[in-house]
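As structure tokens, the structure follows; a few thoughts come after it.
We call the chains A, B, C, D, E and F, going by the order they appear; numbering starts again at 1 in every chain.
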Amino acid sequence: MIAAPSTIPAGGAITTQLLEISIGPQHPSTHGVFRMDVVLDGEVVRALKPVVGYLHRNHEQLAEKMSWLGSMPYTDRLDYFNSMSNNWAYALAVEKLAGIKVPERAEYIRVIMAELSRLQNHASAIGFLLQDCGAWGTPLLYAFKEREKILDFFETVSGSRMMCNYFRFGGVRVDLNDEMLAMARKIVAEFPKFLDEFEKLMTTNEVVLARCQRVGILPKELAIAGSISGPVARASGVEYDIRKVDKYGVYGQLEFGVPVGAVGDVYDRYYIRVLEMRESVKILQQVLRDIPAGPVQAVEVKLRGFKIPAGDGYGRVEGAKGELGFYLVSEGGPKPYRYHIRPPSFINLTVLEDMCVGHKVADAIIILGSIDIVLGEVDR
Amino acid sequence: MNIPLGHYLILAAILFAIGLAGALTRKNAIIVLMGIEVMFNSAILNLVAFWHYKHFAVPTAQLFAIFAIAIAAAESAVGLALVIAVYRHYKSVDVDEMKELKG
Amino acid sequence: MNYPGKGLVEGLAVTARNFVGSYFYKDRLTTVQYPEERIQTPENSRTFPFLVFDESPDKPRCTACKICEVECPPKCIYIVMDRDDKGKPLQRPKAFDIDISVCMQCQICVEVCPFESIKMDNDYEKSKYGRFNDLVQRLPDLLKSNDYYRQIKPVKAAEVDAKLKAEAEAKAAKKAAAVAAAAAKAAATPPAGSAT
Amino acid sequence: MDHLHKLARQQWLIPAIPLAAAAIQSLLPRSAKKLSAGLCLMAMGISCLFALRAFFATLGHAEVVRAVWNFTWFDYGTVSFKLGFILDPLTAAMAAMVTFVGFWIFVNATGYMHDDENFTRFFCFLSLFAAAMLGLVVSNNILLLFMCWELVGLCSYLLIGFWFHKPSAAAACKKAFITTRIGDVGFFLGILMLFWKTGTLNLYTAEGTGALQRVGELLGPGWFGWSVATTIAVLLFIGAMGKSAQFPLHVWLPDAMEGPTPVSALIHAATMVAAGVFMVGRMFPLFIAGGSLEHPTFAMDMVLYVGAFTALFSATIAVAQFDIKRVLAYSTCSQLGFMVMALGAGGLVPGQFHLLTHAFFKALLFLGSGCVIIGTHHEQDMRKMGGLRKYMPITFVCYLIGMLALAGVPPFAGFFSKDEVLLVTFQRSKLAWGMATFAAFLTAFYMTRQMFMVFAGKWRGGDHGAAHGHGGHEPHEVPWNMWLPIAVLSLFAIGLGFFGGKYAHYLGAEEEELSGKALVMGLSVTVGTLGILLGWFLYGRKPLAHASDPDPLESKLGGLFTCLNRKWYVDEFYEATIIRATMVGGTLFRVIDKRLVDGILHSIVWIVRGISQVCRWVGDEFFINGGFDAGCQTVRGSGWLMSKLQSGRVQNYFRILGLGTIILLVVYFLK
Amino acid sequence: METIYQLLHVTFANVPAWTVQVAAFLIPIAFIFGVYPAIFALTTLVERKALGRIQNRYGPNRVGIFGVLQPLADGLKILLKEDIVPRVADKFTHFLAPVLIVVPGLLVYLVVPVAPGMVAVDLKIGVLFALAVGTMSAIALFMAGWASRNKFSLLGAVRAVAQVVSYEVPTVMAGVAVIMAAGTLSTLTIVQRQGGGILNISNWYVFRPWGLVGFVLFVIGGLAESARCPFDLPEAESELIGGYHTEYSGFKFALFQMGEYLAGMAMAGVTVTLFLGGYMGPGSGPGLVGSLIAMLWFFSKLAGMIMLNIWIRGTWPRLRVDQLMGFAWKVLLPLALVNIVAVGFWHFLTPRPLAWVVTTGWLVIWFLVLTKCNASAILEKREYRYV
Amino acid sequence: MNIAFWIISAVAVLGAVLAVTLRNLVHCVLALILFFIGIAAHYFLLRADFLGTVQILIYVGAVAVLILFAIMLTHNVTGVDGPKELLGVKWWSGAAIAATLAILLKKAILSDPLATLLPAGDKAQSSVAEIGKALVAGWVVSLEAIAILLTAALIGAVVIALEEIQKS
């Protein structure tokens, strides 16, 4: 037997059978300027390297050069789907550091805002996921239609649809009047109808089931080891929700469940979000029923020249994508000495390769979609 | 149509020769197979031409042509599978590399 | 009853309902036919800042105190105080530029302004053909009358007016008091000038 | 008759239903045990109903009825291959027996195989086995018969080797397959010859053109001075010898015990071994063609003596066996010898009747032994049993009935059929009759021995200690689905014998008064009684006390017993002769090569070398070498060229092909 | 062709015969080259509007009244776009592919009858011709994807070829059912066989148990062969950014769109011909009026099929490539084979009700068996707990 | 129709020549497809419509695609063949053999009286139905044999091609 020639003969044989393609940064399904270096064996993903940094804005460094309040509008730009939650996390950290007490009405308003942004984030996340599956825009547009109502509400309250810049240390910027409350109640009342319709369109759809089930399984152990949080972790069976763990704001007084999945595949991540939306609706109903009267801003907080005693603090909230935390160090001056963010999108992205390898390239796309990243938060 | 049968036969002969030339001159096993396909087709063309000129009324020749096409398809499937297997072994599809039967 | 393909068929039913419904129920359609229709922006809506003047563009409320320039997070405001020939500050801007390609519409300038002079606009049609200079809003572009402000944000403008009025009255009262006090003082002591 | 023809058109259903069941079962998952068994039983039951309908339809006619249905399978050119199904008494009775006995064996198997993990596979094979046998029975075409025959062989291979993880089972199934294959060569040659001589493979046709209806044309000279018919018959009988385990191809049958016991029952009673006897019965016209009672054909003689010898030979071996199933296996061999012998004596009816009765009681005995094996937790050694009458009363009673039937005690079925066999043999050959009578004596003896060893005395299973894990358990009665079949079969083992006369009439034998009836019957009863008495004397008076006790017979017979126990050393003989001969031959040739040929060659070489040295010295070195070297170079060069031709490159061969075509064309022009 | 010839011959009795012949030859071709691309243009508009309505949008409504001139505007825009050819592309193949992709799409219409006797070529092997020509598009797709020298394009091309070749099999098998029932391969005869009955409707093959199954199979196969949603894997804009036509722009891209739509419409046309009675419907028959009504029927059915395509596109997500293949080989192919047997039952069982019962039962049983066998593809119900 | 013959023949010969001479393998396959289509057109011309369609269905639809896949599996995707392999000894010998063969065959064909045979007439064209009937009536054994052969070839091809994957 002749041994296979060590050098490739001049007959023009190939050197490798693996196909290396670069999905992104300009790709319709990478949710922004994100890039995946994928090594394919036919259609099967053999290796995947996420490449980030195309949207890096030097956010943390900028914040260290800026007044405490000045960073607030920048937090809007982290996860631009959830500016309210981002505001809250930052406000929470600063309040912790400065020891500010927030009035109760403000706490209720914060819950309303956070849960509404969770609703619209999850709605568009599953819309995007199904768009990635190839459902020609219909689910996404249904989701956006619903999201639009919530954004209208945000605009009415805070003045901007996405970059709300609504929270202030020790409260919120604008009080809700009765009209606004009525608007919120209407949104909350209508939202389950949308969910029902959406589920009818997609949840039992055989194609969705076939595409999503048993795809991109994230084992519970890996989820914990990878510090994964949010719906991605809960879909894998990790019972971890900061609203329950920290009971920040008035979450301690509210009745709601946190759905937890078992398998941890794309379908679970999809359906956990649907269930979370239903729980959010419950929370909103309680909050809108019980919201007390009173001031919305702790009086002692100055806008200009606001200084915080030296020390460090970590404030975190359960954002729609997971645990969003701000770690702040103060030297007692008008600006933070150290300002660090724990972004859920970025950390959830670390297990992408583990989930994708061995699946088809089409699966890699929906797995990425099921993590629900926002590049503003990944790159900062 | 007043093309005599000879034209078809000569056409088939030319195609056969082209196929043979391809099978003889090229190094690449896949092209050798393609040459053989060409030869196959020219043979079937002969069959059909004879049918048209001599036994137009009965469909038997067409039957045989269909059988021949089916067998040719099977042949090409197996042939290409062999090429792929050989490729795995030699990392080449150059027929000059495959000389294990060398005397 | 559960049959294979049920989900697919139900999905088809949903889309069919939306398809037909879109012809009969206008509220299903979320699209706005933009140039013809425009959305009524809510009171709180904000786009880019503008400067309010009360009577004439020559007298803006802005005193060019530069607080907003300092506090602006992206540093998109550039102010030069107007000075008279002698170099004396005139308490009004000579140049007030806002680069709206940098401005992130955060409203912090409005909040920190002690003179209620910078406000957020509702105008979202700021597209320009150019890339650089066109997007820098100069002082003339920025100055808008208080009437305009009242028009776009009636509630807030009313509050501001009331506040300003109260302040003005307070100031006037204070001034009056001061004048009265000065008069009283003058009455009590001979004018300094007369002493020299 | 119209009714019969209609039924004949439906005969194919009898094998087709189990076949369909097998096909469905092959698709079932392993877990579908109940479904599989139910399907199998249902198919067999329906098939049985069809067979019984056909059977009853053939009853009550004045003469032999025969309805056939032939159809063209396919045409190839001018030759058309036909297949056909037949309905005649032979087929009807056989089919009814196979389906009925088979059904009860299947019922028993549901109990026996209850815990086996490959339950569904087993039942799939069983169904297929039954289908093949039934196909064989109903076919009116020797080709179809042969196909089913081979299918039976295949199924036996699969079933004997069902527990293929046991080396002995794997060896046994191979042995069975190969041994029967040897016979099949003869069978196949016979078929070819039949086709060659008659041009048809159909046995009967309505027009009278079937092979068996034209036996008269086959009386021309064949091989070895026999007539063609006899030649074919002999060839066919070689096939039957393999299948029906006649000496010397009997060796596979006892080893076939390695399969599960229901399989043994099926092989030994209803299906496989019966196939050979049935085939001889089916082709009987060929065997008797050209002969008469006084001057029988060679084929008939061969059948007679092979059968008689097998009957005696196997019976002697059965005496000295300890495995409960092995005793029964040799008994089957022996009984098959009886049947074949009867056929050879010209007694189609006794042979077939014995086949029928034997099927019932042998199935009974095998299933009974299966019950015993299950009841004693998979113990097969009779020395380790004993006293089971107490533990397994139902099995005991049924087994007793089977034993009495086999031993030929009146009025059980075996008595009548065996009596007829002996009677018909008595007419033909006193030698064969004597051998058979002695075999009958031995039969009674070894069955009695078995009964006493298994059922009498006390339980010896505990003797070899609880260490083995299963020895310590007390035996127990088997569940209903195991004892019910043997109970049903035992009814038939009692009563079937009384229908012997009717059966003879049914098969169309004319009433004839045979001489020596009283003598034969008396003697057969006597030897049967003697055998039982001897058995009681040796084993019944003082049952074995311990499993390790020597066999009483062993002490009496000594070396002969060992010889019998080792089956007359037939396997060893084969080992020593056929296999050894080949090896010895090889060694011999090697020695010859080494010593003789090499020696001669070496001496020649020495001589030549001497001469050449001389020549060289003489000085031819210069003259001859020059020319010779050049010649060598030429040869080498041409060889090198030729090897270049053999380049291993496909295209070079291609090129040469093209060149060849060109040369042909040139030749075409030049001619 | 013959009908047109007769018509022309009678109408223009005094012109030379050969002109009539040439005209009779050219008219159907002109018809095909004129009408179907026009329908294609209309379809793009209808598709966009329908998708818009499904998604609660207006869809294009700016160019012309209700946006009817949108296709024109699109065409103009796309014509004016720069034609970019990648530097490393295989220029000739890259150029040839969009041309070739339109050809099979148009060729299929040759055998699709639009009115009694109105078929461009009444081939004796019409159905086979339509299906065989359909396969050729695979080659064009492969050329496009391969010549672009883009890995996404190549993946799309490989997917396209595999998909077209795989779905060819069940589609042809589904067509075989009709061929068996009609006893002919001629499309015109097949349509004629579906005439009669109640209102010219009750004899459509889709109103037979096997016909319904065949119809569903054929529609699915047609969607897959023309790479329409949910089988649009070769383009798969969310994965492959457009697949084989990623590297095409300008008019070549327009040709791709056109080829794709024409192929989809051709499959729809063949479906209508085979299962939905072609031009048969109340009022259709020979003669001018009957022919016009027949034509109306044909085109409304075609429109219906196109709407079905659009509807499906607006609703279902895309399958994955292995599921796509599995679906073809594990579900469609067995079902198609079973359906062929069902036609056999239908043909040989004489009392019609018995045939109905047996055929339906047979199909239902196999459908259930196949569902059971393939149940693993659609997985379990999930349980979620709350903490 | 004469013109059709010449045009189609030219296309077929062109396709065949390109298929065996082009350097890029994929181009070769595309040329081969051209050749196949030419042959199919010839069948149509010879009134063997069914055969022509089968030719397209099997050769263009299946075999060509198969070859394309084989190229994809064994070559780099660009399909570029190795260095120039033309005009060597091998080429000359092969071409000479083929040319000689062609010339001799032509001579042989022309020397036969059959070469001048003209078509008998266009009547009695055998329909597809007749082919079908013949297929399942007279030649059913051959049909079955072909079926078995195809199945065996299919399995064989899969086994050969999958061997490596099984191992790994």
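In this section, contacts are C-beta pairs under 8 Å (C-beta built on N, C-alpha and C of every residue); 3 or more make two chains touch, one makes a residue touch a chain.
This is a predicted model, so every value here is computed, not measured.
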Contacting chain C as well as chain E are chains A
Ranking D-F and B-F by C-beta pairs in contact puts on top B-F
With centres defined as the mean of Cα atoms, the chain at greatest distance from chain B is chain C
Top of the farthest list for chain A, CA-centroid basis, is D
Per-chain Cα centroid nearest the overall protein Cα centroid belongs to chain E
Whole-angstrom distance, CA centroid of chain A to CA centroid of chain F, is 59
The distance between the C-alpha centres of chain B and chain C, rounded to whole Å, is 83
Averaging C-alpha coordinates per chain, one finds the centres of chain E and chain F separated by a number of Å equal to 29
For the pair chain B and chain E, the C-alpha centroid-to-centroid distance in angstrom is 34
Flagged in chain D as touching 2+ other chains are 651, 655, 658
In chain A, the residues touching two or more other chains are 9, 11-13, 138, 142, 145, 201-202, 205-209
Among chain B residues, those touching two or more other chains are 20, 23-24, 27-28, 87, 93-94, 99-100
The chain E residues in contact with chain C across the complex are 50, 53-58, 311-312, 314-316, 371, 378
Touching chain F in the complex, chain E uses residues 90, 93, 123-125, 128-129, 131-133, 135-136, 138-139, 142-143, 146, 149, 154, 158, 161, 165, 168, 183-185
Note: in the complex, chain A contacts chain E through residues 19-21, 27-29, 40, 43, 130-138, 141-142, 145, 201-202, 205-211, 213-214, 239, 241, 244, 257-263, 267-268, 271-272, 275, 360-363, 365
Note: in the complex, chain D contacts chain B through residues 642-651, 654-655, 658
In their shared complex, chain F is touched by residues of chain B numbered 1-11, 13-28, 30-31, 33-35, 37-38, 41, 44-45, 48-49, 51-54, 56-60, 62-63, 65-67, 69-78, 80-85, 87-88, 93-94
